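What follows is subunit A paired twice: with subunit B in the first complex and subunit C in the second.
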Partner chain A sequence: MKPLARKKDIIVEELPGETVIFDKKNNKVHCLNSIALTVWANANGKRSIADLAKIVAAESDCPCDDAVIESAVHQLAEAELIEETSTEKLLSRRDVGRKLALAGSCAALVATIVAPTPAKASSQDPTGWHTAHRSDGWFWPEPTAFNGAGKGSPKYQFGNRRTKRHHVPNLRNS
Partner chain B sequence: MGGNPSGTVELFLLCARTGLSESDCERIREIVRNGPDWDLMLSLAERNEVMGLVHSSLSGVCPELLPRAIRSRLRSTALLYASDGLQLTVKLAEVLQLFETEGIEAVVLKGPPLAVSLYGGVSLRRFGDLDILIHFDDFSRARDLLLRNGFQWDGKGSECEPGTLSETDKHLSLVHSTQGVALELHWSCEEPAARFALTTEDVFQSAARVLLPDGTPARCPGPEEQFLLLAAHGARHGWKHLKWVCDIAGLIRKRTDMELHAVLKRARELGCRRRVLLALAVAAELLGAPLPAPVLGEVEATRSLQKLVIEIRGTVTSPQQDRPPKTSEIAEDRQLRFAMYCRERAWDRLLLAGTRYSSSVLPNSRDFEFVKLPAGFRWLYWLVRPVRLLCCYGLRCFTEPSRWFAESIRG
Partner chain C sequence: MKAGNSSRPGKASGILNSGCTIPGVNLPNGCSNSGFALSSYGVRIAIETNEPGILKRIPEDLLPGATMAGSRKADVRFFISRDDEHAKGFALYEDRRPIAHARSLPQLLVTLEAAAQHAVARLCRKHVFIHAGVVRWKGRAIILPGRSFSGKSTLVLALVRVGATYYSDEFAVVDTKGRIHPFSRRPHVRTASGQKLRRKLQAASPDTGGKLPAVAECTVAVCKYKPCGRWKPRSMTKGETLLELMGNTVVARTRPEDSLKILAKLVRKSTAFKTVRGDVGESARALLMHVNSRTPGMKGTRL
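Entry: the complex of A and B
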């Protein structure tokens, strides 16, 4: 398998220790740790899992098991950050989990949420209350352990329930 | 969570700096080791919307010293900033593309281009809406284009119809009906009452190109114009958020080619020297922005600024209470006092007072909503307004005149 990263309709933003990827296609935000990012950045459709493991090992300065890379590719594919055609020969989720367990590693690599609606500007929020309290009920999942939760499961599909949309009067009917 | 409040405030202000020196880093480590009041620290960072900077500074300087819960909360909010910033960037790119297709010139005030050019990314600078400046001649076309593409009037400020725009309006507030993205379409840099003579043409002429994170080119004001706009904006809102001070400090640090004494000279010509001096004073005092000696001398010579700087410091570093009642009223009064203080000419002060007081009797968009009158009967809104205010506020007009006044200015 030679995974190919999807780079179209993607915006990347660096944060300390991790990278945020916004997928314009489905309005999802993905948070990649350094291993997942290295895999995604180097998955050009020509490199095998073993090649990617070597690159990750070189960048992180410690050996990297192929199972971790497979897990990363699997999670990236679930997040639709790897082209479908390049992941045809992916192992099943159960197989990857078994391999990881044998390798003694727990791959916490990619976390995904549906992007919540942006907050209104602070100049319209004199006390800063709305902005400050917006994050109270908001929880960003830590990159999850490989536990079988897949696309569509609640773990991957939640936003901020407390965020309200702006009131939009319908002028045309008034 | 206990801790030393003064050390916490110092830590907060240090972490909000865009450029940290070795001594700053050492001081941050020292305060973190001594155990700051994390609740206060995070509350200040959230309220001042500098969580991205605080997260970046603490994660860069002493990640190993941060309690796990604090690290997690910082990270969550930083990711929220990044998520918002990226969504707004995408929407901005779409809008700019639409404008380009229709041949509408646009300059982006603040927002993603400012975040990219001053902070290096959209996750470090919080912004909740998009501010786009256009020529007034293009207003109708731009508005119609946005309305056709999912935006609606947000129910505040000026209404969509040009006939209902009052002379004091400077922008139209829109919001995307499905994505909730707020957008302000500006045709003027400031309200006429602000006595800020920087014109739209000045901004367009100075505009520089910035690449957004998705590769879309956007135009943003040149550094001098950006500085003047940020100084005027901060003064208009009483510098109640530290992030605006961060913008000024960031601009001073980043744009070393910008000559501050030239900015001051231009500000004097434009009638906003005091606002610029205040911006410089606040940035130097709170965030240690490096000012050239002549400029620093001029700031220090303006002794009347010191009182305002102390007040701003108190505002941005005061512990957060829960949403207090009548806050908007207090904010309105404070803003008016700030605005008064920032006018340097007696005539400008008189005009400001006149505009503020006249706005309690001038019909506005809410009166236009209250009763729909045909175009020929628009003069009747002068009568509609007192009736509407009486309906809304009732006897409070007589029993609490000051509160009514503050509310009537807004409504």
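Entry: the complex of A and C
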């Protein structure tokens, strides 16, 4: 297996001992530790796992087991930072875990989150009303606030959220 | 600044009569749209209505730290209309798009406040807005990032009661140098019996009158509420901190380059920890003690 790093549509920000990568393709943010970063930076599709282990060992001044590199490649592939075609013979997560346990190494080399949409990164409902997320990211009061009828009241039974929305003129078509 | 007041300083220059008509909304006879424009963090927001009486009821602190804007060019236009024909109540439009409807005006104004503040956070070009509570403690900002309903406002108010200075319970505003600016809106706390608590909070709302300075150094505290949770802080690495902040940044997707660059500047000079918290009063004291113990020159300082 000769992994090839994906470096397109990516923003890199270096920090002391770690590197944060934003993937524009899927809006994910990854935090790579020094081992994962060295593997990612040197995975050019021509270097094998053993070659990468030597590079990591040289940079960190301590021997590095192949299992750690395989784990890094596995985690980078899961984070879509390694081209899929270059990791056809990738070990399963269980095999990687077993090898890591035998080598006595830690596992977490890449941490990932999904960047929030603008609407997700703010308080949606400052009053405590029941509100609903809309597909375009903003919100619309549910019938409780909308027509003064709570769940269980006769008014509520004859109108759901969708029908109530149409009471406001649709300006997009006019 | 008093919205809708005849003594409004920018009334002569800031008043709008731009003819931002909404199709389907009837203007009263002989009446055109009226409104005003505000500028906050470089984002100009126009608020218009077809009923001038509504303007007088718009709260003074709709946008924290905003000034009247003289220009007619607004980045976002909000329009409030009385809607008698369809659902009987008030409708709110953002750039001609209906975004909310309420039976009473106070309900709609709360939505307007949230929408206007969100628009500033979304459209601001020079600052990055993180969804977080912020207080200042002995010259250092304490940032409490977290999603909605994670207890940010409650913890912020508890910190203020212990002696910290209120900066925001909604957004940490970070400039290009990585400094934290205030966004001192009225604190909002949501509970099942929200109205009662809201009145209580308004009575005890922190002083936000004076201009608060930007803060260069900060501590990021990721506190997750658990009933009977034990305070057990664990230091976070710079990378973990940046991930946590990016996960609560409004423009993380729309301006990832700027967000990463600015937040990295903030993270490089900050300390960070995460913990589970239980009771808010005890947590506030423990948090400040922790900040004291980890900050050079503040060790042994009493609360």
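Going forward, the second predicted complex is superposed on the first by the 116 of 174 C-alpha atoms of A that agree within 3 Å, B and C clash if a C-alpha of one lies under 4 Å from a C-alpha of the other, contacts with A are read in each partner's own complex, and residues count from 1 in each chain.
Just so we're on the same page, a residue touches a chain if its C-beta (ideal position, glycine included) is under 8 Å from a C-beta of that chain, and two chains touch if they have at least 3 such contacts.
All values reported here derive from a predicted model rather than from experimental measurement.
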Partner chain in contact with A:48 - subunit B first, subunit C second, else both or neither: neither
Which of subunit B and subunit C A:33 touches, first, second, both or neither: second
Touching partner for A:13 - first (subunit B), second (subunit C), both, neither: both
Touched partner set for A:24, first subunit B, second subunit C, both or neither: both
Partner chain(s) touched by A:60 [first = subunit B, second = subunit C, both, neither]: neither
Common interface positions of subunit A, toward subunit B and toward subunit C: 11, 13, 15-17, 20, 22, 24, 27, 29, 31, 113, 115-129, 138-140, 167-169, 171, 174
Complex interface listing, subunit B residues touching subunit A: 43, 46-49, 55-56, 59-60, 63, 72, 75-80, 82-90, 121-123, 126-129, 152-156, 159-160, 175, 177, 179-182, 213-214, 233, 237, 240-241, 243, 320, 322-324, 327-328, 331, 369
Residue ranges of subunit C touching subunit A (in the complex, touch as defined): 22-25, 83, 86-87, 91, 93-94, 96-103, 107, 110-111, 113-115, 117-118, 121-122, 129-131, 147-148, 170-171, 188, 190-192, 194-195, 198, 237-240, 242-243, 246-254, 256-257, 260-261, 264, 267-268
Interfacial residue positions of subunit A with respect to subunit B in the complex: 11-17, 20, 22, 24, 27, 29, 31, 113, 115-129, 131-132, 134-135, 138-140, 142, 165-171, 174
Complex interface listing, subunit A residues touching subunit C: 11, 13, 15-20, 22, 24, 27, 29, 31-33, 111, 113-129, 138-141, 145-148, 164, 167-169, 171-172, 174
